[in-house]
Every structure is written in C-alpha cells, then in structure tokens.
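I have placed the structure first, in the form of structure tokens, so that the comments after it can refer back to it.
As written, the chains take the letters A, B, C and D, and residue 1 is the first residue of each chain.
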Amino acid sequence: MLVIMDPRATEAEIARVKERIKELGYQAHPIPGANQLAIGVTGNQGTEDRIYLEGLPGVVQVIRVTKPYKLASRDTKPENTIVDVRGVKFGAGNIVMIAGPCAVESREQTLRIAQLVADRGALMLRGGAYKPRTSPYAFQGMGEQGLEILAEAREKTGLPVVTEVVDPADAPLVAQYADMLQIGTRNMQNFTLLKEVGKLGLPVLMKRGMSANLDETLMSIEYLMSHGSKAVVVCERGVRTFGNHSRNTLDVSIIPAFKRVSHLPIIVDPSHAGGHRYSVVPLALAGVGAGADGLLVDVHDDPDHALVDGPQALLPDDFKELMAVLGRIAEALGKSLGSPPAVDSERS
Amino acid sequence: MLVIMDPRATEAEIARVKERIKELGYQAHPIPGANQLAIGVTGNQGTEDRIYLEGLPGVVQVIRVTKPYKLASRDTKPENTIVDVRGVKFGAGNIVMIAGPCAVESREQTLRIAQLVADRGALMLRGGAYKPRTSPYAFQGMGEQGLEILAEAREKTGLPVVTEVVDPADAPLVAQYADMLQIGTRNMQNFTLLKEVGKLGLPVLMKRGMSANLDETLMSIEYLMSHGSKAVVVCERGVRTFGNHSRNTLDVSIIPAFKRVSHLPIIVDPSHAGGHRYSVVPLALAGVGAGADGLLVDVHDDPDHALVDGPQALLPDDFKELMAVLGRIAEALGKSLGSPPAVDSERS
Amino acid sequence: MLVIMDPRATEAEIARVKERIKELGYQAHPIPGANQLAIGVTGNQGTEDRIYLEGLPGVVQVIRVTKPYKLASRDTKPENTIVDVRGVKFGAGNIVMIAGPCAVESREQTLRIAQLVADRGALMLRGGAYKPRTSPYAFQGMGEQGLEILAEAREKTGLPVVTEVVDPADAPLVAQYADMLQIGTRNMQNFTLLKEVGKLGLPVLMKRGMSANLDETLMSIEYLMSHGSKAVVVCERGVRTFGNHSRNTLDVSIIPAFKRVSHLPIIVDPSHAGGHRYSVVPLALAGVGAGADGLLVDVHDDPDHALVDGPQALLPDDFKELMAVLGRIAEALGKSLGSPPAVDSERS
Amino acid sequence: MLVIMDPRATEAEIARVKERIKELGYQAHPIPGANQLAIGVTGNQGTEDRIYLEGLPGVVQVIRVTKPYKLASRDTKPENTIVDVRGVKFGAGNIVMIAGPCAVESREQTLRIAQLVADRGALMLRGGAYKPRTSPYAFQGMGEQGLEILAEAREKTGLPVVTEVVDPADAPLVAQYADMLQIGTRNMQNFTLLKEVGKLGLPVLMKRGMSANLDETLMSIEYLMSHGSKAVVVCERGVRTFGNHSRNTLDVSIIPAFKRVSHLPIIVDPSHAGGHRYSVVPLALAGVGAGADGLLVDVHDDPDHALVDGPQALLPDDFKELMAVLGRIAEALGKSLGSPPAVDSERS
C-alpha cells in the first residue's frame, strides 16, 4: 500500500497517518519527494485496510499494491487451470464451442437445436430454463420443466449442459440437472447467489458484469472459489459504453489482461455482445483472435419466432459456416476445436 | 413501433415484414420516404414484440414508441405519488434527510450515531445489517443482530429505519424490523430479489444500478410494483463512467428525466457517489438543486475506525453544517426539510 | 513515482529497473512487501518519464505521484485565482451568468436577445460566430460578420462577449472583437489551437472535452497557460456515458474535485449538458449547488426557428424565472449574482 | 423522420406540430397508437431539420430515419471502395500492415526501423513528425525535419508513408512528403483540420475519436469527402470506457457495423488501444478476426529509450512473429497480407 500525502500536509497530519499505520499493525516507510511525501506501507494483507487511511486529513490518495484476490490469482497458482466439464476441457490450448438456444422454449425446439449444434461440432449445450428478463411481463423461462428437457437433450446428444441459476434457493435443483452452472451478467455481484453456487462445487460459467472492471470480476470469482468452487470459467459478453451500434461493446482487451493475472480460462459470448446476427461471426473470430478459450453462441432454427433474443441467434447454416472458419483459424493459432483426452487435467 | 427498412430491401422482404406484423395481430402503416420505407405498427402492447421483427431480412431498425413500463409511468398516473414511511413523506414538496452509518457495526455505535443525526434534523435512519461487499474477505454485516439494533435505535429516536435486503430468503425477516426495504445498486436487476421484496408490500428504496439506463430503472420498479409494492422511492447514487476523480459519477440529469416519465419520488446518495468526504456536501446540494426529493447520507463519528466506507462518511459537525445550508436552500426552492402532516397522502 | 514489480520478477529484472532509474538521474527506494517489491522513485519532475520504465520486463505498473501540471495546480498557487473579464469577476464568491443565443444568426436576433438577457441580469453575452458542427451540411456560423454583430451587442448592452475560436488562423481576428475566447469541447485537445489562443493572452473559457478526465483537462489548461494565458475558466458541459435520457451526462462531481487541485474558476453549461429545455433549470441549479462559479446558458426568443440547438434554449420567461431562483439560492449559499468591485482582483 | 407525441399532448399542440412540418416543406403522416400519436414526416433531407421540431410543446422525441451522411454511405455507393496508396490497396480482400515507430526521433532510428518492418513484410511505414501530446512539456515531434526523414525512409524501403497532420496550416507541407495523411483521434472533430486536409485530395487515414459514435465517425468522413477527399480509411484505436485494464477499450464491434453502412475500408491500431506490449498481438488478431482491412502497429528496436509510447511498441522479434501468425490467419480467412495488382482499383 502507498499513501500519497498532500504537498501542504502538516507535520501533525503526517504523524497521525504514521501512527494509524502502526495501530493497524503495519510498517510505515516514508519516501520524501520533491513536492510531497509518499509513505510505503508493508505488512498489510491486501484486504480493505485502505479505507482506514483514505479519509485521514492530509491524505491525497491510497494506492493498493497487493491485489485483493488470492484463489483466482496467478500469483497463487502460476500455471493455467484446465477446467473439465464431463470431459470437455477449457484452457487446454483448445477452443470450446458451447451452442444452443438462448432459452428452452419447448421440448421439440430444444432437442432439435441440440442435435443440430452437436452435428455441427459443438462440444457443449447452452439453454436457459430460468431467464432473467428486464421486463416482468416478458417470458421468464420454463423452470424445472426446462431443466428436464435439457437433461433429455444431453442424453440424446452426449453434450454436457450449462444453464443459468437466478435464485439462490434453486441452485441445488439446477445442480441436479446441469453439468455447469451459469451466473448471469446481472448477477455477477449478487453475492448471495455466488455463495450458494460456490457451495455446490460444480464448474461455474460466470459472465462478467455489464460494467464490472477486472478487479471486480476477479473478486466475484473469489466469492465462488472461497465458498467451494474449484473450476470457474469467465465469459466476456460485452460491456456498457456510449456505443450504440452494438447491443454491448465486446471488450476483447480483457482476455490478455485476465490471462496475465489469473490462471483460469476465459471465453466469449459474441451473441449477447453484438445483439445482431450479422455481427456474431466477426465478434466470435475477434474473441478467438484475442485468445479466448471458447465461445458461447445462440443458435436457433426459427429465430423469427424465438421467445428470447431471436435477432442475435445464428441460423443453422450460419453456425455451420462459423465452425468451418473457426476450424481453420484454430489451426492457424496452433489450437483445436476438440477437447484433449482426460490425462493430466484437473477435475473439478 | 416503427420498422425502418433498408433502402436496398427487396419487395419480397418488405412483404414478409408486413405479413409478420399481421401474424402478430397488429396493423402495418407504410410511410414511404425519399430513400427508404418506414412501417408504422399499431395495436401492439409495448412489450417484447419488437424482437420478432428485428431479425427479419431487410429490417434496419425497430423503434419502440410505447414505453414497456406501466405502473411506474406517469402516463398511467399523471399526479405525483407521495410515499409515506411511518409518517415521513417523500415527494410532498419537501426534502427528506435519511442519515446514519453505512453499516451497523455495534449497538453503541449505531445508537450513538442515530441520536446524533436525529438531533441534527434527519427524518429517517439508514444502516446496513447485511452488506454486499466486493470482497468475500470484507466485513459482511451483523445480520439479524444488526436488525435488532436498528429497531432499538428507532425506539430511542423515533426515526423510521431503512435497511438493505441482499438475500431473497431474508426478505421477510428484514421486513419484521425495517420500515422501508432497500435494494442495493448491485441488485437492481436481481429479479428474484425484486419479486420477493415486492410481495412484502413495504415501501422500497431502490438504488439505481451502476450502469442502468432510465428504462431499465423503470423496469426494475415495474418488477417491484407488479409483485405488490405500492410505494417505491428511487435513489441515484452515481453511475460508472470513464471518470476517475470520483468514486462514481453522480448523474443529476436523471432527476428531471425520471420525474418527467414517472410519478414516483427520487432521492440522491451523495456519499456513495463521491466516495470522499470533501465532495459529499457539494454533491448533496447538486442533487437538491436538480430536484431530488431527499438525500441518503453516511454519517460516522469515528470514520477512521469505521468498518465500511469511512472515507466518505460525514463527521457530526459536517452533517450539522449540511443541514443548515440545506434548510436555506430548501427555502430558496420553496420546499422544506420537514415532512408535512399525514392528510391526503397515499399510505403505502 | 512508484514502480510495482511482478511477484515473479527475477533478480536480474529488478536490477535492470534500478539501473534504468539511475540512468534517468533519479533515486530508487526499494519497499519490500509480503508478495512483491515496490520501488519508490524520487528526483523526477513529473513529466513523461514514466514511459521509460513501464515497458521493462518484470514491471507490473508505474504509478505517478507528482502531478504533470504545474501552472494550473493549487500546489503552485494555493489561493483562488479571480478571473476578470472587463470587470466581470469569476471565482470571487459569486455566480456569473453568461447567456445568449447558441449561434449569431442575424443582427436583429442577436441584439434582441442580448438586450433581453442583460435586462434579466446576465453579466456576459455568449454567441457563436464560428460553429463547430457535426455535419458539414449544417449552418457553420456567420464568421467575421457575426463577430461584428457581437461587438455591436456589447456596445448596446455593456455586456462583455465570449465567443468560440475554431481555427488557429482566426484566433487573432476573434481576439479583436471578443473579451474572452472560447475553446469548444471538441477542441479541448486541439493543441495547435490551444497554443495559438494561449499566445493572445486574453481570458479563455475552455470547455471540458466530451470524455476528458480531470488530468487531461488540467493539461489542456497547462497548454494555454504555458503559452501565455493568465486567466482560464473551465466549463463542465456534460460528458459522454451510456446514459441516453440526456444529451450528455452533466458531471457535477468534477467541480469539487477540480477546485481541490486547481486555483482556477469552473462554471457549468446546463444547456448543452441536458439538450432539452425542461432540464436546463434543474441542471443549472445542480451546478450551482456543487459549487460552480458561474453558468453558460442558451437563451432564444424563437427557438422553433433557431438555426442551432433550439430545443435546449430557454425562453425569455424561463430565463427570468431561473435568475429569480438563482438569486435566492446564491443568497442561501452566501454568494451573489453580481460581480464584486475591481479592488484586489487579478487582471488577466 | 418520426415525431413521437406525448400521450397527454393537446389537440392544439398536435396541430402546431403538423403546421410546423408543412412550414418546413414536408408532409405529415399521423399514425395513431393505443396511447399516443406518432407523426411520420416525409420529404425531408436528413439534415438538421429535426431540431426545429424537437422543442415544440407536446413532442416527446424526434427520431431521424434518413442518415445524415451521404458520400460515406453504402446507400450512395453499394460496392466496396478500394483505397490505393501508391499501389498499396485497402479493402481489396487483403490485410495491410502499416508499421513503424510512434514518433520520428532521429534519422538513424527511423531508417533502421523502416528497414526492419519492410524486411518483415509491412506494406506501409508509419511515424509521427508532429505529435499531439497531452502534456505541453512532452516531446512534440521533429516537424519538417521529421518529414524529410520519412521521405528518405520511403526512398530506401519503397514503403509509402502515412503521417499525422495536427495544424491546418501545415497540411500542404505534410502533403508534399506523405503518401497518406493521418487525422489523429483527438482531432476527429477538428472540423477546420478536416476541411483543409480534405481539400488536398490525398488518401486520408482518419482515427476514430476517443468517444465518437458511429454516426459522428461517418460525419467526420463526410467533412473530408465533401471537401475533396476521395479515399478515406478509418482506424479504430480504442474508445474510452470505465475499463482500466487497457489504455483504451478496442471496440471491434464497430468493424462489422461500419462495413454495413459504409463502403470504405477500416483498419485497427492495436498498439494505442492496448497500451501494453503484451496485448498488442492479441488485439491485432482480434481486429483481423472482426474483419479489419489492415493494422497500424508501433514497432521500436529500443523501446526503453523511445521518446513516445515505448511500453506499447513491439520489438522486432515480436513483430516478426505477428507477421507469421497473421499470414496463417489471413489464409484461414481467405485473405492475403499482400496488395493485389493495380487493375480495377479506384485510384485516389
């Protein structure tokens, strides 16, 4: 921690800050500059102690050096973590395609689309049984019936299933059906939900919040991991900016930044980022170019009648084409679209 | 709804769009322009139908005219709603001061600060028993014990209490102690929580999400009201922008914009917006200048040792000074700091 | 300056950083932490040296302590600067109203509106002769003819005139007519223009850029002052955010933050911030509540036919009402709407 | 244009709006809805007429249908424009690499780096002789001497040169040396500069403004083209958001969005977007994945001593590796890194 003092800070103010640092059990290291004093603080644990110094008279700024996250940090675990979801590996030098409808709308629709994406090379199935919708009047998902349909789709296609949990009370139920639990973007800082999902120990797909910065994203992973999750995959799905040509602004720069500080895999959702069919493939390839370990894509065979987010769903032929170009790109990057065999990977 | 067609849309594409509009049960009204066709759509109910048209070939944009919220809208209820919390009125041409510690840290601290803000003119007491913290390692609040302390503080001071609910399962418990339930900024789109809190029927203080636009804010109120809330007060507490001179960017422009479209009261939290003591009073006065119906302010008598957000808490003397200038400003605006007598107000 | 090293930095990397610090002529002060090393750097001058260290292997971050601006800084000049424009003082504990049409459209329109705002208490006249317009097809201003009209309006009303310069080559011409030169928001980082305007030595009204942070704003003032300006007033006019309920997001939090680090006055433009007539008065009062030293307001007596920004112009009666409430608010804040007599003020 | 009326608009207000539409020479087409009236407006020319209706009583919103740009629009020219800079083609299904130092620092440095990027496959040379710097105390470029050095580098390597113009008065001088003129991000709305550069008729590389939306970007191109430019290439270089893990947030979503509405090429600058060496390659590949027609990359062989932006410069070996992976990716996308022969392309 570094405390920057005001150039006009009095001797008494400086003394009080040093005293407070000692009172907290740390050491103060004054660094006199041309205009003002900085005080290095050692011995602190990188948690919230900063707030005890920030409001003191004469203090201009308190800069945290030690990062407040541990379990998610590459400092704690330097090598990459490979997340294994029923044999599908994330972070093993491959690109995992997760595809399916945005929402489970009916048994027929879900089984049909699941088969379709399986046939075209997807490794996992996505589909929402509980849908967090901006409007209380919009379709809220099929609930447990939807979970049953997803489980049936898994039986038929062999694809492991990822689906969203929106209510902490439902988490154990969803865990009975799903192979991976999804935390939605609006719930990234729903700490109650993170704790409950963390306790279940299943692999988690956590979407980055709409305006979450990198530290906050890591702190939410820290909630999951400190409560029991061993395997977390983060998903960048676009952030909120002034831009209005896209539903959200896909922030590809978080991919190298995240990989630099964390050992966990990160994937991209180009469908919710772009919001328009025509931008899904470009954004998918952008994500992969930036180093994403996988993709989460909406596919629908009748998007005009989809109950949720039809305009952004890829048609079956679009999806086929995406998988083809993705295969060539993966090769160019020395990666593959498949999942390597189970040896050496860390089971969740 | 208005559908904007591409200038290069074919006859067949235009025909398909018109057909789809009829299929949805609406009427299509073509408006030919110099370069391109627009199609007015009447008969729709302002919900999510837009998505069924947006992805059709040849469609450039679908513009929603009818707003998707109803209960929160001034179109439904043109006159202002006065929210009454145990006799304290919001939206009655007055400015309501809610003050107290950010978190309930102990019985002594809370009773002491409650008395202090009551003596200086606050009308309601704030204080968190459940704290949503970015870090899992930070103080998470005293829980039910904190609620008991708040209830005791109410007995001693006569100030009604507002406190946050973070877990849907806890909502009924919190409702036994609190006079008004708070939805935190990170939970504004935690729809499960909104539904549970809505069902309880108590007045709600809903903080605007960190990057929520006006429509989303109104849709979250709509969740509360469609599930049972009759009285909702919104709180602007700063939004997330590129700015780094302030913890958040207080968006005063939402106050006139909100009042234009909704009949509900709106207040401002200058403490969480600014994040620094020196900016709390300027931001409080800015909020009142913009038309806020009240303020939510952190006050602490030993902020150096506060467990949460000490650097932004006003000291007792700062608070006294704020109340003094606020009294003069209220008069300049033809308002008061008190709460008018109960006659004619709508009980929650 | 503080250099934060990677916890995994090697001895050789650390040695190279220390050597580079010495090579730059500074001193290195290692501060060993629990996980990683920080190196304090003293002796540097707060300019751009940071970049010479940032890219070195093993360096995580370089934190600048000394601010890069000097002339604009309160560290250099602790007391407030009072800017005097032909006897109108900014920063003297008063609130200066600058009002007029957005653009000079004709002699009659400008003289009429100038008289109207003078009669209602404005202290200065605004009006654009050169208009920076987003579209090349939109009205670009009357040019020198517009400057002549403004000068005539000054003769008739006694109000000093502020008007925008958009072309460095025009700066000397504009300076012949105007009392204060305006730098528009899109030109805040047009450094060529800043240099030319700075050389002229006239008082400058510099609008904050649409997405300029506080440091960048101060650095642009530094361009003006290091080239000759002695008196600069900054104008907050709204920044660009995700918000869509307002033309821009008025950032009132920059007012206390700016005053904390700079000795110069700051005013608010509620017209361009809000973009809608109904929000101008609330935003004006918000700015004043936050501590603004003045206001810049569009007024038009026939806004339906205004060539530029009619929807945000106040009508004469709105303006009269604003001045009335402003007078009461100023009194509540212990300020005035007038300009104190010339004694003791610093002439530009 | 579509005018949305308030549900509570009076008959008189509606009549006044219709009258005003006729007065402007357009036709009004009322579209009655369940709650409120919308009025379609035909006959208008998509310029600024909106402002004449927006402030009228009873009007909630005016929605522009016709886009305000023409020359930059795909509606005016449906097929892609190929921009030719001395034989280097942009937009011909290839990926053009422009590389070089951020700034021309000396003859030796520039010639050395120019040769180095030429040897590794760059098609054009970048380098700033005039540098727009945030600080007035930072290195501002070598000026005309820098231009001479760039011209010499072109002679030696055969690479056409792109360099920035910051002062409208310098534009003709820069045009004597450069093959393509660059408009910097801070000058995207410096309309005086756009007009002067436009008049010269040379190909232009226009960087998107730090917070420019798509329409504003197109309107700035419109300034260039309506004053004489025939060939404009846009460059996405990151926008300003709340994100702090990257110097700017590279907005890859603008690439498909831009290509949908404009016929012009668009490239990406991963160096200024990321600001850190480790993110340049991932962001470069992300841009190419999203469909960029080229890249603009900082390369330096001694970045620790670079006068400008050293931390983001690629080292020669990094650059070689980037070119290698780029070649494989281009092939995967059916593109090339070379420039096709001159036949059929549109000369600027």
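Definition applied: contacts are C-beta pairs under 8 Å (C-beta built on N, C-alpha and C of every residue); 3 or more make two chains touch, one makes a residue touch a chain.
In this text, all values refer to a predicted model and were calculated from it rather than measured experimentally.
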**Prompt:** Which chains make contact with chain A and with chain B at once?
**Reply:** C, D
**Prompt:** Where the centre means the average of the CA atoms, what chain is farthest from chain D?
**Reply:** B
**Asked** Between chain B and chain D, what is the separation of their C-alpha centroids in Å?
**Response** 39
**Prompt:** Between chain B and chain C, what is the separation of their C-alpha centroids in Å?
**Reply:** 31
**Asked** Residues of chain B touching 2+ other chains?
**Response** 211, 240-242, 244
**Asked** Given the complex with chain D, which residues does chain A contribute to the contact?
**Response** 211, 213-214, 238-239, 241-246, 249-258, 260, 273-274, 278-279, 282-291, 325, 328-329, 331-333
**Asked** In the complex of these two chains, what residues of chain D are touching chain B?
**Response** 2, 4, 7-8, 29, 31-36, 38, 40, 42-46, 63, 65-66, 75, 78, 211, 240-242, 244
**Partner chain B, residues of chain A touching it in the complex** = 20, 47-48, 51-52, 54-56, 68-69, 132-139, 166-169, 186-187, 189-193, 210-211, 216, 219, 222-223, 226-227, 240, 276-277, 303-306, 308-313
